[in-house]
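These notes open a run of structures that come right after.
Each of the two complexes below includes chain A, the first together with chain B, the second together with chain C.
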Partner chain A sequence: MDFSAVGAAAAEALTLASFIGIGGGVLLGYVVGVVPGLSRSVAISIAIPLTFYMSPYIAISFLIGLSKGTAAGSAVSAILLNAPGEASSAATALDGYPLAKQGKPKTALQVGLIASVMGDILATIILIFVAIPFARVALMFGPYEMAAILAFALVFIAGLSSGNVFKGLAAGGLGIFLGTIGLDNQTGLPRLTFGYTELMDGMPLIAVAIGTLALSEMFIQSEKLRYDRANMSVRLENRADDHITMPIFKRILPTIFRGTGIGTFVGALPGLGPSVGSFMSYGMAQKAAKQPELFGKGEPKGIAASESADNAVIPAALIPLFGLGIPGNVSAALLIGAFAIHGITVGPLLLRDNPELLYSIFAGMILASLIMLVLGWYGLMVFAQITRVPPHVVIPIVIFFCLAGMMLQGYGTFGLIILMAFALLGYLMKKYDYSFVTFLVAFIITPMLELNLRQSIILSRGNWEILLNRPIALFFIVCTLIALIALIIRTFQTDKAAAGAPVSE
Partner chain B sequence: MPRSDFWSGLVVAGFGLLALIWMIPNYAGSNPFAQMPPGLVPSIAAWIMIVCGGIVALKGLVKLIVSGISPLTTEINWSAIGWALWPFLFVAVAIWFMNFIKITWFGAILIGLMLFLLGERRWWLILGCSVVPPVLLYFLSVYMMRIGVV
Partner chain C sequence: MKHTFAAVFGATMLIAPMALADSWQPERPMTMVIGFAPGGSTDIQGRVLARTLEEHFGQPVNVVNQPGGGGAVALTRFLNADPDGHTFMFGVMLGLTFSPIVTETEYDIDDFRYAGTLVGGQFGVVARGDAPYQSFEELVAHGKETPMTYAQQLPMDQAIMELIADQEGIDLAIVPTGGGGGMAPLLLGGEVDFAFSGGTHAQYTPTGEMNVLAFLTRERSPFYPDVPTLVELGYPYAMDDFRSFFLPGGTPDEIVQAFEDAARFAVEHEPFVEVTVENTLHPIVFMDAEETEATIRDIRTANEALMAN
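What follows is the complex of A and B.
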């Protein structure tokens, strides 16, 4: 490890600009996380245009801080409203809300916060120690290996982020198709641009991300308002017996360590996401408990298990991103876009070409965790008030920032039309259960996949036997086929099980 | 669910077919000297959509037949469709307006009107929520990003 670069990174993380940028990201993330219906990916997609004027380090750290803040903030609405800000905090609500109803909302929030921060810091440390050696190994990979790994990741994400692998793959196919629009980098000729010069650079990533994630989500939220406008938040009061104590902390500590381990493992695998991590951690904590019957009735261990895993997933999802350049989830995919906007190629090359930036981002991530602790601890009362903001107030403001984000990017009316088209697409995908995660990840990694595939074909002159001399590539091709077959079997088994249930039209 | 699976699968497969027989041959370009033609990856994507969309549609159709449900229905909830549709139309009209007026200038009306349509009647809340975001955008674009009013 280059210690002078590490020292420089630590110094950069401790500057005022860094504090303001990262602190702003965490604060914004916290607020977004507290508001039910606004998710991490919505927040990142809207915030990317805000980072144009920032330095690459501040911009990426701001977005990672935002991501961490949303994970911690979503616990607040899960505990006080029983309406998790993110699906991954649903497990937190199982024990958080009953504990809040028992007159201990502050204890529940503090347990959630400490578990979040500890899970986050520990997973960040694991990321630092794993991503760098991982990237060193990945630097030895050629186009064969990269193409095979990308194909594997795509199939894995398609199968796991959607209950139906065929719908996941169909969404991935659409993402790949739209990802090929623009100038072909071999011939230099326009491809699938239909004569529009605006599409020469490809579909604008900001329009695709904001449209499918944020704007479509607002349309879905506004539709839900027709049926549900209730907002019943538990009040936070200053009571002497309502705070976390040392015995409670000692009780939840092993659960936090276990949750962090599970969250890190789940986060490092592409496609699984924080919801799987938090529920898996909750289930294992319940199994390991001496009194499992207390779970679901306000058990602090339940909150700690869910929150530590949820927050550990965020840094862990960056292991394949920094190590291989492969996004494991939507947030990581959006970070690739943010890196690209600042002219940086994320992946193992980042370690070789720009190690200072990588170390600075790691330092910024640790700083974000500490800021999250301070903000969460002292801002509990304020964040609790935000849960009282009705959803119909949030929708028009987010729509305004979606449109403004496109104008800040300078795309004009054409960009706005693309944005609207992708909002409609995202709405339909969410409505009919086609994985928009797979769609977006496929859209973002297609240029990389095509480049590696093209180089492989040129180098091998179309001779497939060359793969026999590339064991890693062959291994991932076999894994892709096995994963595909297993996921298809699982889809058919799920359908068979559902066949017994009454059919809804 | 089987009805929506059937139709959505059909649309996906149909789009893939359209891409394969019209878009790619006419707009993907060609390079006879390239070992990997520019249309290869889009064609693979189109085939994925055709096969997977086709399977989703077929599974939906089988379920419809087994359950005795018709693929079409006359029980359409127009009120629900209208409620789902109006935000799209609202934003589409706002985008059309943005051809003539910058979003910073008419952002307050955009937010305020939508708040009103969503059922908010407290004037102070409408005023606060509709004025603050455009002011923030103004400061961001003019003073921080220095690109002028957007």
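What follows is the complex of A and C.
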């Protein structure tokens, strides 16, 4: 590493302009993350023109700060409103919302923030010191490996939804089915688009995510407002024990490390994205826990697992971007555009041609994490006040943001109709206890799984033996089978239990 | 050319309509539609172009992204735009030259007007820099001995490669990639032997990680003057694409003329040229309105013939 370049980079990172730029990015991202309906990729694409007037270093750090801010901010709405700001924080809501309802909203927010910031900083450090020289390792993950990992993620995450396995299959099946809509990626022929050009690129992900996660939750809460008012929302009680303590921190620390590892792995592989990372991490934490039954009932480890992985994905997605020029996810792809506008071609050449800039960006990323800690810490005191706002005010505002966020996507009225349809679907799924998490993850994974599976089958020319030369793929296939068998065994056990207990549903 | 235009432009700024008194001028902010998501090369060029046009027309230009179906979504919505010149599209031709062949689109070439081309495409066939074949001839020779794999991105490049593989007796397996971002890991990771590239190669050829073996375009790329086209190699297939101004059908001639002039201004305008050539690595290609429309119809006919096979 060139130390004079590092010194110059640190100097640039510590100017007032960069503090303002990066701080502004983190703050903006945090707000976008908090507001359900506004998503990370939309925020980045809207913010790119703002960066025209910044220096390349500040511009890129601003955008990375913005992504980091959304990942941390989305935990707030997940915890306080049960309406995650991003799909990747849906796992945070599973424990965050119950903990907040138990009168500990601040504890939940603080656990989420600490896990976010730690996941973020650790993954950034991995990016700087380990990953770029080893970015080529990502190339070992070809279509066979990716297909196997995706299949594993699908089965593993589906297994998380504890309820009825057949309902899980139904939810996952619907997700897979809707995930196949759109142009066939080889022949270019439309599948199930029924003549709607808007569906050519598939069901718009944002509509599906906002609809099933945030908007449907607002329907549920409106209903509660009518029938179950006393017991519906999170209240800020200013209890003395409502803050993160050293024992809690020590308890969640191993989970944060595990979450960071999983998030970094998932982020470094092009295409997987933060939702897969946070749910994988949540599932692993639950499997590793001594008392897995506490998950879903306000277990701080659940929040820490989801948030640390969610945030670790963001710096990790830059590993293939800086090392190979391949974006790890949508936000990283948008960054390529931002780099290009500033006259920088991102990729392996960046380290050779522009090391000062690259080190400045790294310094900026660490700075962004620290700013996020400070902003988040004071911000959550402010955001916690949301709980004082009566639900009949909060609900319409959130609904407004969901609809406005959809309009920003440029799908027009068609987008709103799709959004409403998925909100209704999400409402029914929540009402009748179908796992919307399984549905959403299946929907997100299916297009990638299809492409990689298809590539594997064509490239192997249908020859199974090729897997013997692919130990990583083989490993994940075995894991998938084990997960599948475990799931089947659990189904039979629950069936027996159900048969044993007479009329109880 | 640049200077005369700058002079005329400067004059109009000072003494309101004089030199351009008889030509069309926008009266309010304009909207530029881009049929792709933010961040891609069309979007990057388009956003810089919007600022160039603000300078040219003296009105703010808002950029609206309407992604989907390779530009088809934006074109479908564009059917309803007012033909008053205030809404226009910076579009790629594929949505007109290709999409209507494979799917039922609500629009066709006759539904729009075409006002000038600014940017050329550079579709090519690429292989890894360390592959045992360094030219397309060597690739064909290699393919006659061993089965090969190819990563496609569009049904058209697949059709061309299938025709060549048949003709040369190559055992070729073709995989989909889902775009340029998916192609690079497959090729660099050694999963496929060669691949289609819509422009992704530009960032890998300087390091020697990728080699362009042949261009699918009718003419050679100015950035790789030594790389031949397929036509030069004796395969009568070509695949071209350009980025142009599209206007709603029924737009009056004077507005089309004004956009043709704007295109002429932009291809000489430093920031736009710089971002196009140096950052997104596309060649600047200017065509007037008439030539743009003729090119679209030409390419469409060629694509229809290709896909009919």
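Annotations
The working rule: the second predicted complex is superposed on the first by the 278 of 505 C-alpha atoms of A that agree within 3 Å, B and C clash if a C-alpha of one lies under 4 Å from a C-alpha of the other, contacts with A are read in each partner's own complex, and residues count from 1 in each chain.
In the analysis below, a residue touches a chain if its C-beta (ideal position, glycine included) is under 8 Å from a C-beta of that chain, and two chains touch if they have at least 3 such contacts.
All of these numbers come straight from a predicted model, not from anything done at the bench.
Using the contact criterion defined above for the overlaid structures, shared-chain residue A:A87 touches neither chain B nor chain C, since it reaches no partner. Look at A:G337: by the touch rule set out above, it reaches chain C but stays clear of chain B. In the superposition on chain A, A:A404 contacts chain B only, with no contact to chain C. Residue by residue along chain A, chain B and chain C are tallied for touches, and B comes out ahead.
Contact with chain C, but none with chain B, is seen for A:E198 once the two complexes are overlaid on the shared chain. Legend: residue contacts after superposition of the two complexes on their common chain; A:R461 is shown touching both chain B and chain C. In the superposition on chain A, A:T187 makes contact with both chain B and chain C. Look at A:L294: by the touch rule set out above, it reaches neither chain B nor chain C.
Touch criterion met: A:L416 reaches chain B, while chain C stays clear of it.
Touch criterion met: A:E223 reaches chain B, while chain C stays clear of it. In the superposition on chain A, the residues of chain A contacting both chain B and chain C are 186-187, 189-190, 410, 454, 458, 461. Considering their complex, residues 1-5, 8-9, 12, 15-16, 19, 23-24, 27-29, 31, 34-36, 38-39, 41-42, 44-49, 52-53, 55-56, 59, 63, 67, 69, 73, 80, 83-84, 87-88, 91-92, 94-95, 98-99, 102-104, 107, 110-112, 114-115, 118-120, 125, 129-130, 133-134, 137, 140-141, 144-147, 150 of chain B touch chain A. Only residues 50, 52-53, 164, 166-167, 169-170, 172-174, 176-177, 180, 184, 186-187, 189-194, 215, 218-219, 222-223, 225-226, 229, 392-393, 395-397, 399-401, 403-404, 407-408, 410, 413, 416-417, 420, 423-424, 428, 432, 434, 446, 449-450, 453-454, 457-458, 461-462, 495, 499, 503-505 of chain A touch chain B when the two sit together in their complex. Per the touch definition, chain A reaches chain C in the complex via residues 44-45, 48-49, 138-143, 183, 185-190, 195, 197-198, 200-201, 270-271, 320, 324-327, 333-338, 340-341, 343-349, 410, 412, 447, 451, 454-455, 458-459, 461.
Of all the residues in chain C, the ones that touch chain A in their complex are 37-41, 43-44, 47-48, 63-70, 72-73, 76-77, 98, 102-106, 147, 149, 152, 154-155, 158, 173-178, 181-182, 184-186, 188-192, 203-204, 206-207, 209, 274-275, 278-280.
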